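Everything below concerns the one structure shown next.
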Amino acid sequence: MNALEAVADTADGSTVLIGGFGPAGEPVQLIEALLDSGAKELTVVSNNAGSGETGIAALIREKRVVKIVCSYPRQVDSRHFDEAYRAGRIELDLVPQGNLAERIRAGGAGIGAFFTPTGYGTMLAEGKETRVIDGKGYVLEYPIKGDLALVRAHRADRFGNLVYRKTGRNFGPIMAAAATTTVVQVEELGEIDPEHVVTPSIYVDRIVHIGRAA
Amino acid sequence: MNALEAVADTADGSTVLIGGFGPAGEPVQLIEALLDSGAKELTVVSNNAGSGETGIAALIREKRVVKIVCSYPRQVDSRHFDEAYRAGRIELDLVPQGNLAERIRAGGAGIGAFFTPTGYGTMLAEGKETRVIDGKGYVLEYPIKGDLALVRAHRADRFGNLVYRKTGRNFGPIMAAAATTTVVQVEELGEIDPEHVVTPSIYVDRIVHIGRAA
Amino acid sequence: MIDRQTLAKLVAADIPAGAFVNLGIGQPTEVADHLAPDSGVVLHTENGMLGMGPQAHGDDVDLDLINAGKIPVTELPGASYFHHADSFAMMRGGHLDVCVLGAYQVSARGDLANWHSGAPDAIPAVGGAMDLAVGAKQVFVMMNLLTRDGKPKLLPECTYPLTGLRCVSRVYTDLATFLITENGVVVRDLHGIAFADLQSLLDVPLIEELS
Amino acid sequence: MIDRQTLAKLVAADIPAGAFVNLGIGQPTEVADHLAPDSGVVLHTENGMLGMGPQAHGDDVDLDLINAGKIPVTELPGASYFHHADSFAMMRGGHLDVCVLGAYQVSARGDLANWHSGAPDAIPAVGGAMDLAVGAKQVFVMMNLLTRDGKPKLLPECTYPLTGLRCVSRVYTDLATFLITENGVVVRDLHGIAFADLQSLLDVPLIEELS
């Protein structure tokens, strides 16, 4: 299966979870394929809002993204996001990074909502339910799920188990578990020791062998 | 450090998280050491309530346990628990296994409380806060933390990173993260690839090299 | 009426190829013996494993490799291990296709009672029963339709303490297979009993499936 | 007044041997250069690593091995990798001993403002700032005491949007080190300024530490 085939059925209006933290674990070829698929009116959930001309930045430049849920949209070269945001063409839901991770984890884990201390008493908790538990303030946060997850892993075995490389792991395992369809680009195919599996095959729907990203 | 030294400072009235699911991952020698330490009035959090004459069963037989938080106390040979329970000498807090695991995970992860679907509408949710979210019923559950965790792992490196063996992993990683002091008995000492670490060293306070359990 | 082994075979035949499945302790475990070797069905055990193989014997017994019933098992190619919170997240998150459970009682709405006899002097023990009940995409129950003293176990309302609400999708029994649907309880298969006779055993109104 | 490098050295000297530490982006990163090689201090980066080593150069650069500021780094012996939810659980769960952060403003109660300038046209970006603020056992702030136009950054109340409430335990500045305590703001070190002169710069009542 090639990258375009793997994402070709993405419906307009889908919520897409996109892994990666900066360049580490960024599924570049899958994002390009999503652009080629023509899918539009997307909600993108990712730590960043793209930089330069590739990846999420290209999706935004081509006006495919109506909303982004992220922790850190501002980057050295996030001009396409900046422009769309200032023009009012893209909605921004800013989420503290750990709440973003925990909400995605909750989405995959069947948790209905959870109380987190992060953001309590700040403007990012405005309008949200709060509660003091054992003397400490918490904000109630809800799970995030995706119709599609795009993830980059290091290796897949023939069953769909995955391992990652170094800090390229980041959002991959939790996004793979939180989406209806999970597409993974891998650098290599091979064997994985059952003790070393990071993402079990149950969370993986489609694998695209791309090789090592440039 | 031997097992007794590792648990000698356990205060009376402590909450002790004890890993293992049946024989897999059961920290037998550490539980024996806890018995030898003389600590009493303990609250034990573990999946089971002991069987036969060793491990948690011995702690109960010697009247060191005032309360047990577990999912499945009844076993083929849980006579010491059964006797203490029927005699009103031990308090039982029965928790569905997945809620037990998630509450321990929340204890280590700084989550204040979470809504879980498990147990909704059953007698184990009586008296608990419930909420319907997106049409589905949930029960609010609170984190579990320990003063002490006793865990069995397969191997530790000199930094305190751990790996487990097969289904011996079970409650080990989440209990190690949820206790103030985590004591681990390991079968071997050696190197661990940073990609394969299951419990990072930050969660491990004391390591006792016991060798392979009989 | 069909025997226990035939029932296990019937359930096994209804599990889709490639499905991820949890088989509860007891009778459901026997379903594994009837899965086709090339079915690609992957078994989950809630104590932290996907890709569980058959029971281990002799030298293959490893006390660090057991199933949820604490019976030594084996590992199949493609297996993976994970901790308890991850294992129950997998279940609670709805990732398993099918879970097969035993039951004391099932209600017409699909409520399940399978963890507590209700006897006041019983020592309660729940294990993973409530998690299994709410987690899988489909929950199949396997049981005899009647108790030993002839009382129906498929009822308008469960009288035993509940394990989960509206969670059961199918009930496989020695006398018939029942589908729990929005419109009511549909009888899919009859095992040597006439529909009218089956209906006379139960206080639950039954719908005969047109086929 | 001490320079940036001396300040980083001062913070480094206060980090206990063997501590698990997260150094925020920017000035706090420089603290790493002053940790004794035998201190056993283990650095956490919230994008999924314990045991982070110094910045990578030349052939050591690996774009899958970066820190929270997206700068290529190296791996030290004893390192481990984990996913984002596990990494922030480690932080939120209070397992890190010390977190060192920059700040726009700190209040006398230890409220922190370090993520948003408050400018109405600014594109907001929070990253892990709010998680870092609430998670560690101790939060150290490093900053200049005054803005470029001479306004104090240690204040009775922050005027910028908050990152976290009552989370800062110490404030290291070019002019003095402050301890945020139950009893008020204690001055621990003075860097070439008299206590009375320091007090005259700030609207926060200061307590002189007796030593």
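Here the chain labels run A, B, C and D in written order, and each chain numbers its own residues starting at 1.
One rule holds for everything that comes next: a contact is a pair of C-beta atoms (placed from the backbone, for glycine too) under 8 Å apart; a residue touches a chain by one contact, two chains touch by 3 or more.
Predicted, not measured: the structure shown is a model, and the values here were computed from it.
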item	value
More contacts between chains, B-D or B-C	B-C
Distance between the centres, which are taken as Cα means, of subunit D and subunit A, whole angstrom	28
Inter-chain centre distance, subunit B versus subunit D - centres from mean C-alpha coordinates, in Å	35
Distance from the mean Cα position of subunit D to that of subunit C, given in whole angstrom	54
Subunit D, residues touching no fewer than two other chains	75, 81-82, 89, 91-92, 134-135
Residues of subunit B engaged with two or more neighbouring chains	102, 105, 109-111, 116-117, 164-166, 195
Chain-to-chain touches, reported pairwise for every pair that qualifies	A-B, A-C, A-D, B-C, B-D
Contacting residues of subunit C [partner subunit A, same complex]	20, 42, 44, 50-51, 75, 77-82, 89-96, 134-135
Of subunit A, residues touching subunit C in the complex	105, 107-111, 157-159, 161, 177, 194-195, 197, 200-203
Contact footprint of subunit D on subunit A as seen in their complex	21-25, 71-74, 81-82, 85-86, 92, 94-99, 101-102, 104-105, 116-124, 137, 164-174, 198, 213
Subunit A residues within the subunit B interface of the complex	102, 106, 109-117, 131, 133-134, 136, 138, 142, 163-166, 195-196
Touch list for subunit D against partner subunit A, complex	45-49, 62-67, 70, 75, 81-85, 87-89, 91-92, 116, 123-131, 134-135, 161-165
